[in-house]
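Here come two complexes built around subunit A, the first alongside subunit B, the second alongside subunit C.
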Partner chain A sequence: MQAADIVTLLVNSLTWAMATFLVAAGLTLVFGTLHILNFSHGGFFMIGAYLAYSLANAIGGAPSIAMYLFGSLVAGVLVAVLGLVVDRLVLRRLAGVDDAYVLIATYALLLVCEGSTKLLWGLNYHSVQPPASLDGAWLLGNAVLPKLSLFIIGAGVIVFVALEYCLNQTRPGRLVKAIAADPWMARLLGVNVRLVYTATVALGFALAGLAGGLLVSNQTLSPTLASAFVIQAFGVIIIGGMGSIAGAFFGSILLGIIDAFGQWVLPGLPGLPFFLAMTLILLLRPQGLMGRRNH
Partner chain B sequence: MRGSTFLGGGGRRRDALILLAVVVLGLCVPSFLNRGLVFIAGMIWINAVFGLSFNLLFGLSGVLSFGQAMFFAAGAYATAVFTQQFALPFIPALLLSALVGALLAAVVGLVALRRSEGVYFAILTLAFAELVHLLIANTAVLGRNDGLAGLQRPALGLGGWRIDLAAGDNFYFFIVAMCALLILLIRWIVDTPFGRALQAVKQDPERAEFLGIPVRKHRLAIFTLAGATTATAGALVAPWAQIVTPELAHWANSTSPILYTLLGGSAYFWGPVLGAVVLSAVFYVTRTLVGMSDMVTGLLLLVVVVSLPGGILGLLTRLTRGEGKR
Partner chain C sequence: MNHIDRRSVLKYSAAAAAAATGLPGLVRAQGSGPLRIGLITPLSGPQEFIGSYVKNGAEIAVEQINKAGGILGRQVALEIRDDKANPAAALAAARELLGSGVNLHIGGISSAVVLALGPVMQQENGVFFTCGAGTEKMNHENYSPNLFRPGDSPDARTRAQAKLMAQKYPDITRWTGLVPDHEYGRTTWSIFVDGLLEFYPSIAKKKPEILDPILMPYGVVDYRNSITQALRQQADGVFNCTYGGDAITMFQQARGFGLMNRYKVICDAANEFLVARGLKQQFPAQWTGMHYYAEANKGNPLSDRFLADYQAKTKDAEPLGWAAEAHASIYALKQAIEKGKSTETAAVIANLKGMTWQTVTGPRTLRAEDNQAIKDVEMVYIEPAATEKGYKVTQYVKVDGKSVIFPPAPGKKLTLRSA
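This part shows the complex of A and B:
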């Protein structure tokens, strides 16, 4: 293996990692605060991607990078609105319901997402051209660095830093953390817990939609996108520790590297290193690498 | 809140009569319906056993597994391999397939039940099932992604006489007989002291442990048993569909028994059976409109979890007893 191969492999695994992190961020945020493991998160990510696709189609041609980012934001806002509806109709009613039923209810939501995607956009594969300035690649010696990959890696890092900053340094962010730690005490101190829950759900769904928009050029769109990504996102938040943003970030990098190098060692078995790592972590350290054991 | 008993207040006699009625109804199916519908009826029988096996874990013992497809696929592939590649007779192949399912479940249960509970256990079983799925999809003898096609329906040698299961609706009748036996077995397990101990474990594992019930051993035992019955259901699918593919082990298939069970009513023995019938009907009616079946299934499931926790049977019980809202 030459240095160039290693760089290429590293870029590939980091792209996978940041794409997965973008999806996992909202999932782990909602789990950390509301203790709902949202199976449908992948579904809303997929809807975000399809919305961005429709938007790109409406405009036509290869979008500029500003339009691409704008489209992602619009997808994020629209999915956040869907999140408010879902919160109102479903998530609120799951308070106090057994964990198993919560998991099944959000799986039902995933089915609804997949069903509506098939009904609205059909079964065909679709793709969106990346913006002209992200098309192509840079060469670093013999290593190929696709610009779109670097864009996704950058987007993942920016979302991570922004989330960490907001949760740790701003007042609303600290409220979310306080409620995650002890909702009862927060309520006693006069915090409107219900409102913060709703805002967290909206933010979590907005992140799903944003991820859909940002990643829309990175893979073909099909109704199987949701389940593929939700399992990957489950994997990284389990590895990192469920509910921790930093855990999801470093968990996805670790899993990305394990998966890429694992496939280099075991070329015949794609995906196997990912599930092996996920299974081992669940068995040996169920609270994840960066999580605390509290539920 | 969900404290109603697993048996739904009925007795052995009543369940025996229901089974008898269902079997008689099932045996009449080929005289009234065309081949395509008879195939679906066979799948409903198999799925009913798949659902009942899942409910041994969920409704009876309070264990949520999101990976039952791995045992189903193990049984299907085992039968395909034993009958086609090793040319074993069908009945021994069926028994060996059950054994394969039990062994796989024992291994998975031994590791998974020891380390995790609740949602973690659900995700862990999902990960194990995906491992099995990947292994099947990448193993040359198992046909990789294409699976094994062109499976022959076998002949049964019973003492002197020989029944060709490939002829007419014979294999359908065989499925009905096997599934009725499996349903009897599952109903019997529920009624044993072991089954009652599991109900106690579901209600309150800590108290059950204090009362001297070996919680972990009992959970492992029921997980293994459910693995065996699930694998037997899977074993029936191989000659019925005449093809096995890695999709059988995909986690989407793990959710099928969950759907049957919750829709029918996880607190009732017959819940998964009713759920399998209703969902198959939904799939059949919506088969031409892509995406509609997901939509309807998802919405039904949501309604059940959010406002109708007893499923269809729960609703029926409430209506027939004339009770108001609890």
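This part shows the complex of A and C:
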């Protein structure tokens, strides 16, 4: 294996990892705070992607990078509003109920997302051209580094750093962490727990919508997009440790690297190293890389 | 609160037992009402999109036939069931329909579904037409006398593509494949290789060089590792068997690496306009196989009428081939029933074997030995275009199906040349 191959595979690994992390970030945030495993998260990611697609379509042709980012932010805001509606109608009712009911209710929400997508955008496959400045690749020696890949990696890192900063260095972030640890005590101390829950749900959904917009030119759009992404997002939050943002970040990087280099070594068995690694990690550390045992 | 007493339990149990044992004889008879035909196709899940074409094509055929007086004077009614592209769901739907007296069925575009339905149709005395399953096994080791394919066989389609490549690109001799890691992908690639090994020496007078295909994971959202593997090869021609949304994602991600620009020709197995519609101007120019291309069948009265009815029904300008396969299946059943003046399974099968019937792509013949249609293989060359549609067809080719299809070999395994 030459140096160029190693660089290309590393970039591929990180692209997969950051695309997955972008989707998983909101999912693990909501789980870490509300202890609700929102199976419909992929559905709202998909809706974010379709909203960004509609915006790009309204402009026509390849969007500029500024418009691409603006479309992603708009998708994030609109999906956050949807999140508030979902919180009011569904998530609040799931507080304290058995996990099986949560799973069924949020899975039903996923079906609603898929059905709504079919109604609004149809069954056809769609795609969005990347901005001209993200089209093509840079060459580093013989290594090919697609610009869109580097953009996705950058977006994932920025979202991770921003989340970590907000959660650890700001007062609202510390409140979220405090409530996640002990909502009863937080309530006794006069914290409006309900408001923080609602804000966390809105942020979790906004992250799903933002991820949809940022990744819209990375893959095809179809009503099955939700299921395709949510499975790997669940994989990394389980490996990383349920509810841990840093766990999802580093878990996705680890799995991305294992998958890329594993496929190099075993080209006839694509996907096998990924699942073997997941199995091994869960056998050795059932709570995930950065998870706590009580999760 | 409702209480269920012992008497009620006995009453309902007796009724259930009677229904299970005595009634099937009653419900199995179709009677003299509408002639019911089962349509078992994916109407949800990943293949719903293709299933919607099958449903539209079947409904158009039924509407046309009913307007013209039906079959043997009986109106036709479709019994529509969702197979979810899942063998278990398809089997449940088929057993339910067979149990209620529906013996004639069409649909099934997943190979796994069609292979699962073969034995059930045989046991329960039904007939099934696939509207696009690509498995060669139904012509070979999984042959069932009750299964029919009115469209291209995988060997005819794929070998026709290899033949076309040898004719059009005699100097492009170094080939690789982008092959999904499942049975259909691997078999289709193997048949393409067989075709290259036959037609390059005989037509281009050159020996092709076959590189290891790049295996693509199925149903994922990232193909960059496979694309990186493909970049390391020095192939001039590529045969793509990735399909639908997977293919669109793969082409989108390959664009960043410039992979498709490295190939002098791209030949796609079966995406018709699916990928071109999804990618529009991002679409890399390529050949693809078609079940039906309306523009090329202009002047065929069945095609012209089918296209007009399809456009009126769906507001979609261009049907994809799966709609035509369903249409052809219903018309094949119509002709077989009218010939034998019977809807009984044995009579229908006897009349289907060796039958020639008219379709939107011209006449087709169902080979008696393995129930496989002999028909011309249609291929188009699609290029991106700066139009609202985003693509245009710039070449169209028909290859005589008889010149590329393998001889019938029901019950025997397919044997192929290998590099």
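Following the convention adopted for this analysis, the second predicted complex is superposed on the first by the 294 of 295 C-alpha atoms of A that agree within 3 Å, B and C clash if a C-alpha of one lies under 4 Å from a C-alpha of the other, contacts with A are read in each partner's own complex, and residues count from 1 in each chain.
Please note the rule applied: contacts are C-beta pairs under 8 Å (C-beta built on N, C-alpha and C of every residue); 3 or more make two chains touch, one makes a residue touch a chain.
From a predicted model like this one, the values you see are computed outputs, not experimental measurements.
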Simultaneous placement of subunit C and subunit B on subunit A, clash or fit: clash
Subunit B versus subunit C as contact partner of A:137, first or second or both or neither: second
Partner chain in contact with A:87 - subunit B first, subunit C second, else both or neither: neither
Partner chain(s) touched by A:276 [first = subunit B, second = subunit C, both, neither]: first
Which of subunit B and subunit C A:222 touches, first, second, both or neither: second
Contacts of A:103 with subunit B and subunit C, given as first, second, both or neither: first
Which of subunit B and subunit C A:234 touches, first, second, both or neither: first
First, second, both or neither for A:148, with subunit B first and subunit C second: second
Steric overlap of subunit C with subunit B in the superposed model, located at which of 114-122, 222-230, 330-338 or 348-356: 114-122
Contact residues of subunit A, present in both the subunit B and the subunit C interface: 123, 223, 268, 270-271
Residues of subunit A that touch subunit B when the two form their complex: 37, 90, 93-94, 97-101, 103-105, 107-119, 122-123, 223, 227, 231, 234-235, 238, 268-272, 275-276, 278-279, 282-283, 286
Subunit C contact footprint on subunit A (complex, rising order): 5, 8-9, 12, 15-16, 19, 61, 123-127, 129-130, 135-137, 144, 146-149, 217-220, 222-225, 228-229, 232, 259-260, 263-264, 267-268, 270-271
Subunit B - residues contacting subunit A, complex: 2, 58, 64, 66, 111-112, 115-116, 118-120, 122-124, 126-128, 130-131, 134-135, 138, 251-252, 255, 258, 262, 289-299, 301-302, 305-307, 309
Residue ranges of subunit C touching subunit A (in the complex, touch as defined): 45-46, 48-49, 52, 181, 214-217, 219-222, 224-226, 228-229, 231-232, 244-246, 248-249, 252-253, 255-258, 274-275, 277-282
